[in-house]
Amino acid sequence: MTAWSQASLRHAAPALAVGTVLLLAPLQLGGYQTGQLAQYLTYGIFAMSLALVWGQGGLLCFGQAVFFGIGAYAMSVTTLDMLPGIGTLGSTWLGLVAAIALPALFANLLGRFLFYGRGLQGAYFGIVTLSIAVIAERIAVNWKWIGGLNGLMNVPPLNLGLTGDGYEIWGNLPVYYVTLAVAALVYAGLQALIGSRYGTVIRAVRDAEERTGYFGYDTAGVKLTVFTLGAALAGLAGALFVTQFYFASPPLIGFTLSTEVLIWVALGGRGYPLAAFLGAILVKYAEAKLFEFVGAYWLLALGALCVLSVIWFPRGLIGEAIYRFEGWSRATPEQAQ
Amino acid sequence: MDQLLILALDASNFILAIILVAMGLVIIFGLMNVINMAHGEFFLLGAYTVVMVESAGGHFWLGLLLAPLFVGLVGVVLEELVIRHVYHRFLDTILATWGLSIFIKQAVVLIFGPASLTVTTPITATVEIVGAPYPVYRLFIMGVSLAVIALTFWLFFRTRFGLTARGVIANRNMASCLGINTRRLDRMTFAFGAALAGLAGAVMAPIMSVDPQMGLGFLVPAFLAILVGGAGHLAGTLMGAAVIGGADTVAANLWSSVVAQIVVFSMAIVAIRLFPRGIAGAWLKQ
Amino acid sequence: MLKLEGVTAGYGGGQVLQGIDLEMAAGTVTALLGRNGMGKTTLMKTVMGLLRPSAGRILFDGHDLAGSKPYEIANFGIGYVPQGREIFPDFTVAENLSMGVLGKPADRRDIPDTIFDSYPILKERLDQKAGTMSGGQQQQLAIARALAGRPRLLLLDEPSEGIQPSIVREIAAALHTVAARDGLTVLVVEQNVEMVFDMARDCAFIENGRVAERTDVAALRRDDAPLHRYLSV
């Protein structure tokens, strides 16, 4: 094996290890638990979308669940045949397109107001996205067409047929592996983006927007792209979630879920999609395991953990581990020869 | 016409409360470059201070007096424990104060329960305004708010403390090089901002339902007021609060509170695009 | 009075100062000379606590300043006039001067009258917004603001920058008088050789983050070879 491929193998080692564990996990888990884990995987994809927007783009978004929720509702409305004019199409594929396109469109529109105003810096971004999260939830609660407070029930599962009459992805195992495949694709895509030249530009805008602008980059355009892409991924995650959960309701679009995803990513690590992904899964898993014992203290502990991790581990708990592993694996190949 | 006057009074009420919350936010932001996401919870703590005092047998007025002191003290402690460790990392201050807000809110849930509580209205009298009875306590809220706003302006523009603070806002490093203890000033400012929010929470408690989510309902309009008014000026905060609070009250009266939120938010977004430095910034530039 | 021993400091990764050794006796005016980028301003900022030295000691009257905050250093008795003056443009002249004393102990919070003897123009313009004054007046204000805090050591970073020559002489003369009268120790970074000759006694040439040569103005008047060597004039 050449030194180069050895190094890149080391680099990919954490992701490969996580992938292997997730691939084999259903062997150890019961059917119900596998289904639960599949749901956590969609949260993981959701967390990776925030890792892109916040970790790479430096846009601390307090309303990422708005895009998740739009995706979830778009999928539900489409596959429940509620769209006027297109009849009983019920197409998963159309739903996926809508669930990805609508959040992206909304983010893009919003971004045009937020990023192009001169002098509007990061300070305002969090506030605006926070407000959107609060308002979006209230809209969902009050909008009769999408079920109001009750939400939309009986959302069909993923269906491979063009018009919703094909093979249904049903049952814990198939759903799990399809979701895992999507998560792996999203992860690979994000890693490719982060490693690309454009990924470097994104981080340059994050760290020194003005200076990057001097080099002729349209920094607002870069932020707009990142924000839009992040919204699209969040929408995809929302769509996958609702096909597993069969139920879209206002909490999916609002303030609380936006808060939760921030905590997952903060604790996991904003700098690495893998860390954010694991952060979501582990926090959700811990919550399921511990909630019955600690109850309301759970959220108290999460808040405190969030503060402590910001002070001592700004890279996040898993992110810090990956960072150290990378430092170690960079340091060792020379010695290995 | 009469309806309009009552509406104007209600709007003023809301606007003044927003100003109390927003002023603290904007002072903390100006001085320390910290966006305090836990500011809504300072408001919350103010209201619950009154609840605590009343359940211990104390009177509302005692609670109103203790609220800013207690919340100010909480501010000092949090500044020391959390803020000072992260204030040079801008995004992290947002996240850290966010974590604090979750912590405080959940602590309140654990101690007082998630349900909404009520606080006695200390003044039940009404006065006749254009033929309709209007609660005197609402007028009292306005009086207190106006007095505190005036006091804050006096403090910042007429005292030695204010000059020092404005100097640090203008040029922190230079002020420090002139011997000004920026650490102590940060701590005092954070406490002052917290105390303002605590006072607002306490004074508003009798006219709203006191529950663990009440902070957010004031944090968002206060933030939007700062966005619209411009973070660079205390005067901008006043203008922004007037625009946001006024529009919200009117739209809520015409349609519904949801529509009002949408209208106010859309307005704020457009205003940000048109006046990136806030309406006060655009005004003063000319 | 001020003694730097092997001070190393810089921004982020790069070390601009690479072991500065410099000693100044009380009551002397020392000029710090060198080309751009050699670390003069970095040295000032390090003494003032704006940059943390990564190695070395900064002894001021026997106290090690390294690691202290700027306000603590200021209150030890060091006044600072930064490059670009950094007055508060929206404040009045009086308010600017107040900023120089507000951080001091209560018994030293008045502005000494001698300030206005040296800079009478400021007394006339107490209520004028500082940002509306000329560059030379702003420089005088910046110096007066530092002096108002009654420092024992004054750090001056390029006081002649962007100011017309006649005013430069005036500023140099006033400083010379103040320093002599109050026994003030001054460390001045200056590119303007005229001004150095007018007010300084000692010179230190800095190159590549080290003090390359010490001399005094009298020697420099006889033989200006160091000026050519370190300033390429």
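Should a chain be cited, it is by its letter among A, B and C, assigned in written order, with residues numbered from 1 in that chain.
Just so it is clear, a contact is a pair of C-beta atoms (placed from the backbone, for glycine too) under 8 Å apart; a residue touches a chain by one contact, two chains touch by 3 or more.
Note that this is a predicted model, so its numbers are computed, not measured.
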Centre of all protein Cα atoms: which chain's centre is nearest to it?
B
Among the chains, which one keeps its Cα centre farthest from the Cα centre of chain A?
C
Taking each chain's centre as the mean position of its Cα atoms, how many Å separate chain B from chain C?
43
Provide the C-alpha centroid distance between chain A and chain C, rounded to the nearest whole angstrom.
54
For chain A and chain B, what's the span in angstrom between their mean Cα positions?
33
Per-residue multi-chain contacts in chain A, two or more chains:
none
Which residues of chain A touch chain B in the complex?
54, 58, 60, 62, 110, 113-114, 116-120, 122-124, 126-128, 130-132, 134-135, 138-139, 142, 255, 259, 262-263, 266, 296-297, 299-300, 302-307, 310-311, 314
Residues of chain B that touch chain A when the two form their complex
29, 35, 37, 82, 85-86, 89-92, 94-96, 98-107, 109-110, 216, 220, 223-224, 226-227, 231, 256, 258, 261-262, 265, 268-270, 272-274, 276-277
The answer for chain C against chain B in the complex is residues 48-50, 69-71, 73-75, 80, 82, 86, 88, 90-91, 95, 98-100, 102-104, 145-146, 149
Chain C touches which residues of chain B in the complex?
160, 163-164, 166-167, 170-171, 173-183
